[in-house]
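Multiple structures are listed underneath, in structure tokens.
Paired with subunit B in one complex and with subunit C in the other, subunit A is shared by the two complexes that follow.
Let's look at the complex of A and B:
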């Protein structure tokens, strides 16, 4: 026993000696030197990278602060005072537009001006943009930098703002790009330039988008002042992603296109999915009167809490009075979670005057918990952001 | 007797739009007060006499709705006409703008000639 303990102690001492020797450089000196050299290289490369980006921003900022006042005064003088619409005396600007940095800054500033100022003056500035050759530059970038996502997206935004057309073949390639950002930018370009004529083409090829992309496309459509009778619901499809179906449903709600059958198809495909919840929500926002009873049936199934909450909200929005007994039964059921009872009450309130007698009845039978719940519905806290 | 110039408070955080409105309105002969944030605008509203307010909605520190609300509750400038200039093009923003007490709503991008005519409609020539 004593010998065994001594042996273990000796082994431990050797191990400690080895570790100490390693760190003191006696162990594997080449490995230590290599680690040190790699570490120095890594930090040097990082510092050079940071310095490069700082310098690039510094150069851009300096050029911007030099060019902006000159270009602004030029625009004010030529466009706002002299009402020039084309043939701008760009020599007066005194800028070397062959310089890549100068050209980039001028293009950015002009883009911001065109984005801010509309009407005839905006059109004049678009002509100035084209006379400076930026439209051709953007088209060139699109043809030759299709793999550079940032450049292509920026060029597409420029061309959309200028309403400059792109060759059909190139546009088709962009719409089928493996990079989703490019596909979305190309879709936005088409929407801004062709308006509703682009809808079929856009929705037909829409896949792989995130919710932010969907929001971006939604905003581009609604900001385009489109108001027509396009059937968005034709693109609802259970095989499509939540984001795509969600975008279609948002557009249906925005333009009040009621297609109950299409929405129910999404719900029935998978009752607990995010798409189904959104479809229920859309039925409510579209005031789908014929769905009131079906929604109640859906509730009584084995649905989860999020689905039940969406159903209750939808019933409140539809508000035709057909569901008031159902909602009342839910409210008085003390075995249910408070969130469900609260939404049941809220939806009852939303169905006034149909629900007025039931609300009076509830007022007369309240216990303390229910009274608290009702107060929170009738006097919600207002959050100021 | 000299007529006092009409004074307009312009609240906008976008440098290009602010300087363009400044250029256009000064050329028309109006006197201007400029604010780049809601906070600056609120202090000007309570301290200065103003004939018209042109405000953006999305502003740092206090948004356009809060500015209009404060104007309508102030003692000095509560009757002053307000024009909203905003990139929000949805019906809700427009309706809310009128509900809080705005008199007009211009969607971005703005047309300088449209801006001038709407200003003249509210307060006349400078």
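Let's look at the complex of A and C:
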């Protein structure tokens, strides 16, 4: 052991000696020359890269200008004039869709048309998209590029557009993907293809999403054909993230599904959290009339300004007249922050006719500052949140 | 003496080596950061946020001081952005020209009762105007007493703003139509609370515009503006995108920055006395988050969303850079407690020390280096072969970094439609070290000296020329 250690120490000493000798000799110039050569090489590579991007765009532009007129005329003729819904004579187009560039350009052009033309013609366009073989391409890409996020997401969006079903096993894998973008894309696919039947499956496995994903899912649901009476609030859970609970609350508000108990559970779990603020906001938007007194109690116990503001706004929206004295007391308290007094008055105004006597009383007791505040709140051109 | 010279050589050598390491690191990190951003971007539709009914609201705050030439077109441009919930707050900072009169006439404005809650300090707001025309309902014009700085005007805008996010921009900036969508995507897609987001800025000199909207980006014709365009591309795509990967961004530009209003107000708003108000604001916001022990992110996105009119005269450029240098020095001095302070986490341990060592000290080291070089030449103590090799290497490395930034820029989006623009930009990289860089170093040193001796800063006025070029007819463009 001792001999081994001594040997290593000796090797290390030799190495250090060599390095020192290297730098005392021609070491520095060699290093600088190597760095210089590398810089020149990288610079050349950068220029080649720039040229490559320009060439790629040039090729795309050339292909686009060649394909677009043919495809546009074909769509006008077949879809808009002849009202064909399927069995399109795609051979007439003479496009080599095995060529990646051609396929990409056709896909982009068709996407533009599909998003512009709605209704029955839109459905015909989707059939054309399908008949050009993009369903097979997308299915293939999902099976073979499961780790490539951009390709998988794009393919799922295309399949959803064509309303083409994919194997249950593959879909299950995608819904359990470690990449959140793929999970969200698969959820959106399910929503677009299966509609409300997919709700249970999606809300059951929703986790790790961002606010943007939540917004995306919300948008997919509300833009779909769903008008039913699904109970979204069953998925509210204090242990879930803000994003998931926020999505569910947004859906509850959109479909006016009131579940006061569920929302109060979120508020009581953590009164200062973003989730609680959103729950208070939702109570107001859902006109939760049984919550009016509880909200006043919550205000008294709250400390943060954002929470207090949300409570005042909610009271104004609910507007059952039970909180007018409470709001009046807040408005006349000149020690409170201006924003609180402003919202207290706004909520009082929203509770007309219950609050009319109090508003008259306020009008009679105004000082100049309060008068300005009231004029500001009442001005039809002044908007505040 | 020999020992002293060796020590000085060692200090310069170590400094250069560290700088080289930082640049190589940024070269790698910026590539990763941009790739990640583009992958995410390509996996979603821009329309999602554009069409959303639940998108968070944004208040665009744009101060205007003597902007009569361009104000109407610029406000129109701000009002045509693609986003479902936003308002435009124009702050007329006591203009001496007819800026306010033009706004009143063009947008049919009328003074309204508005109770201003002075949450952040600013000079008195004289009046608030809203439009009688329903199509301009997004617009609010604030008329205030001149506060002598942009910071004061922005603070007035913040006091009036209704929405939870503030987009701070200059009224002469031309924004891309989807600016708010891109910036808000960055906010909503983050794991932690995003307190500020920035994007790439470019020069609008020589770009083609129509009614205040950018039709085609073009490389600026004036050489100084062209140098700045190149500098911006490098600084944003290589520098800020690199730091973005580590969540270590020191600054969000005053030309275009989206801020969380709650934190902005909690941090006290912009400091009217600071000459680097944008960086100072971000510094205080980061400090506030660290003091509250809250996690946060400051983000940058690589897309160019803002085109601003850059100074195209030497006098204007040096004045701007002197102000920036003084601002940086003020921040280093005012917030010195942040240095290597572990309670400020990455901000205290990486962002601030980096700024001090490699941003603040860089011009000083360059000047000292030149003096040392001259001394060595005079005393015949120079190894010419090595010195020339090093110079060529540094020159080539600088050209490579600029070319690489241009490559990244093309990777994000091909902004210049004309090929000769990109060739010219690449060639400009060869001239920069001889023409532009010395001007910047000179201005920085002058700024430090002025700040050191407490010289009063004259803000001056940047004369708006409206250099944005209207789109020519096809024949003329050719």
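We take it that the second predicted complex is superposed on the first by the 346 of 385 C-alpha atoms of A that agree within 3 Å, B and C clash if a C-alpha of one lies under 4 Å from a C-alpha of the other, contacts with A are read in each partner's own complex, and residues count from 1 in each chain.
We take it that a residue touches a chain if its C-beta (ideal position, glycine included) is under 8 Å from a C-beta of that chain, and two chains touch if they have at least 3 such contacts.
Since the structure is predicted, the reported quantities are computational estimates derived from the model, not experimental observations.
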*Once the two structures are overlaid on subunit A, check if subunit B and subunit C clash or fit side by side.*
fit
*Please work out whether A:375 is in contact with subunit B alone, subunit C alone, both, or neither, and reply first, second, both or neither.*
second
_Between subunit B and subunit C, whom does A:112 touch in the aligned arrangement: first, second, both, or neither?_
first
*Does the superposition put A:222 against subunit B (first), subunit C (second), both, or neither?*
both
_Just to be sure I read the superposition right, which of the two partners does A:72 touch: subunit B = first, subunit C = second, or both, or neither?_
first
*For A:89, decide between first (touching subunit B), second (touching subunit C), both and neither.*
neither
*Larger contact residue set on subunit A - subunit B or subunit C*: C
*Could you tell me if A:80 is touching subunit B, subunit C, both of them or neither one (first, second, both, neither)?*
first
*Is A:205 contacted by the first partner subunit B, the second partner subunit C, both or neither?*
neither
_Quick check on the superposed model: minimum Cα to Cα separation from subunit B to subunit C, whole Å please._
5
*asked:* I'd like to check the shared interface: which positions of subunit A are touched by both subunit B and subunit C across the two complexes?
replied: 115, 222
_subunit A-touching residues of subunit B, taken from the complex the two chains share_ = 14, 16-17, 19-20, 23-24, 27, 89-90, 108-114
_subunit C residues touching subunit A - in the complex, by the definition given at the top_ = 39-40, 42-45, 47-49, 51-55, 57, 87, 110, 112-115, 117, 130-132, 137, 162-164, 185, 188-191, 262, 385-386, 389-390, 392-393, 396-397, 399-400, 403-404, 406-407, 410-411, 414, 419, 422, 426
*Which of the residues in subunit A come into contact with subunit C in the complex?*
28-29, 32-33, 35-36, 39-40, 42-43, 46-47, 49-50, 53-54, 57, 115, 149-150, 153-154, 157, 181, 185, 210-213, 215-216, 218-219, 222, 250, 254, 306, 337-339, 342, 372-373, 375-377, 379, 381-385
*Residue ranges of subunit A in contact with subunit B within the complex*: 72, 76, 80-81, 112-122, 222-223, 225
